[in-house]
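Sharing a structure here in structure tokens format.
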């Protein structure tokens, strides 16, 4: 194993970790505002990827342009999902039942994708699909760089929204202490809806990034939900920075382990991390102590 | 005097906040003990540490000379300590009778698989329901009871496990005056039958009339203890409560 | 009176099941009935942990797959006779379920669900990649236990075998339901901390229920392997199988002995119908998803209580217990 190969894997790991971090941030938002574990997150991710592919097929334009439509659309879908589905659950059982409900949504999306687009594997062909650049001796595909850039920009945007805007402050207050937020005159229901919308918007961006360099098929979301769940548990549920750190670390580890173990076995790192976390520190390594009870 | 529940240097911190701070307390066995203190003085955390619901960071707890530090809650219960919860906790979707039957502790596989609600258990459960005064509600679902009735049900459930020491977390909280009198009478009766009580309570009138021994908590540790009358006039207690 | 009518209903139900193969018009219908019985076994097994303790596992397909592959591998690799292999596989899964349960039951609620899903995904990964042993995606052919039987007879024999297994699992559920052990498990479902404070050894109870449930599920999987004769990790370790178990149990009602069986009947028939009508499209996924969503949103306790509630609402109004007892309360019962 050469140093260059190792370096290349490291860089690829960072690029992958960026996408994981964005998606895990979305999951963390849902959990933060509503104590909801959103199983359908990765189904929406794949849905967005399909929309990007479809858009490219129909218009011939760059799939990135589809973001103009999918991001607002997904935001609205998130608000609607919170209002129409999640808010209907009894507060006492919301965490458990929301898992089942979002699981049901995931199945429905997967089924509809199969129905509309068939089970055939799809891939976007772009002029720059095969291009790669040389980065200190490592060959990095341009599409991966674009995907990472997209994820990084979205994360930065999310960070700015959360820390610099009034809405972000209200959102964080709702996450930390919903009753106190209500006393401050924050309409926590509204905020929770917006939080859900933001979370789904990350899936829209992530999905477009995914469509750039991956082959997509309806059941692809199962390959994502496992690692993402592992990431938020390791990161300590409800902690955005914790999830981001865990995402980076696990992404890099997965990428490095692919060298000796091959792609399939390397995925087990997520599950091993998940089980190790539960055995050693059920509250997660980087965040709150909600994990055990949520 | 027999050793009852005792703690030595018991400590528990949440993040940077020390909820229980090197608390060394010994309760009077066979008496009605009260544990009082301002809100946030660590009384409930202390309860949770002693009964195994929370693992203390350091220090020990013992019951009748036996170490019970970091013992699982069900073992603490088996050692003879029963408890109620601050916000009354019952099994909402079970009947009143089932709430009591769940507190039966069978020994061995055979006993475990025997039918729940055998004549002896039901008889005993009815006895306790009668004692607290809700035997007419036996078949009702617990969630349909009023809050006061739920409090009584919780007490009956604790008694069903036949504990010799009973820790009550705010038995009078959110309860109407008539019911408070009833709970107080019940505590006195049960104490006369030999059960020890440790009661966290904010209702001072009740504390003073009910207890033989009072422990005052402030910032996670006892600052005074003694008979109710002495504690009432203790300057440290007044300071803790009034912030003088 | 009431218990007598129950026994009659039970006897009629058993007779109907036993007589079904005699009236079944063709081999296809019989095989569909076997599929439904196997769903009933699985969802009732799931209900041993899901219904009593409220720990909802979406990953019970893990034990289904392990039981199926365990049975198949014991037959093909070790030459163990078919039904001995089935029993041994059940035992192996029981042993495996202990450490899995210890790890998974440390967390509650949604964390537990995540872990259960992760378990299926990881096993799918392992069984697909470990080609030398499992055959990977090429599948694994399981020798038939009765090679001399023709297809209809094969279905007939397995119809009764699955029915017997279902009876066993139902008996176990019924025994637990009325036992003190069951009362402890239900207390865990209602309020785990409270149960522990009352002296219920919650962890040991949960683990026992979990292992029992996994073992029954594995026996269902093993029986399936012997009946179907061809295994593929994608179908055995499938999230979908796990979600069927949950859907069926919730739909019928997890608090009722026959709830999961009823759910299996409804969902099983619907699935067969969708597969018939729409073939290989993903329509059954949509149907499963929508149905699960409806159940979770509108009747989380299942159809049995929902229907009862409807009937009760049309019948005479019950007076509120609360009002009655508030008056009672004034009567100072304690001296």
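The chains carry the letters A, B and C, assigned in the order they are written, with residues numbered from 1 in each.
Just so we're on the same page, contacts are C-beta pairs under 8 Å (C-beta built on N, C-alpha and C of every residue); 3 or more make two chains touch, one makes a residue touch a chain.
Every value quoted in this text rests on a predicted model; they were computed, and no experiment measured them.
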- Message: Touching both chain A and chain C, which chains are there?
- Response: none
- Look at all chain centres (mean of CA atoms) and spot the one farthest from the centre of chain B. A
- Item | Inter-chain centre distance, chain A versus chain C - centres from mean C-alpha coordinates, in Å | 32
- Message: For chain A versus chain B, what separation do you get between their C-alpha means, in angstrom?
- Response: 46
- Query: Any idea how many Å lie between the Cα centroids of chain B and chain C?
  - Reply: 40
- Where on chain A is chain C touching in the complex? 37, 39, 85, 88-90, 93, 95-101, 103-115, 119, 218, 222, 225-226, 229-230, 233, 237, 264-265, 267-268, 270-271, 274-275, 278-279, 282, 291-294
- Query: Considering the complex alone, what residue numbers of chain B touch chain C?
  - Reply: 51, 53, 72-74, 77-78, 82-83, 85, 89-94, 98, 101-106, 111-117, 130-134, 136-137, 140, 144-146, 148-149, 157-158, 160-161, 178-179, 182, 185-186
- Task: Using the touch definition up top, name the residues of chain C that touch chain B in the complex.
- Result: 175-176, 178-184, 186-187, 190-191, 193-203, 320-322, 325-326, 328-330, 332-335
- Message: If we count contacts the way the header does, which residues on chain C are in touch with chain A in the complex?
- Response: 54, 56, 58, 103-104, 106-111, 113-115, 117-118, 121-122, 125-126, 128-129, 239-240, 243, 246, 250, 281-293, 296-297, 300
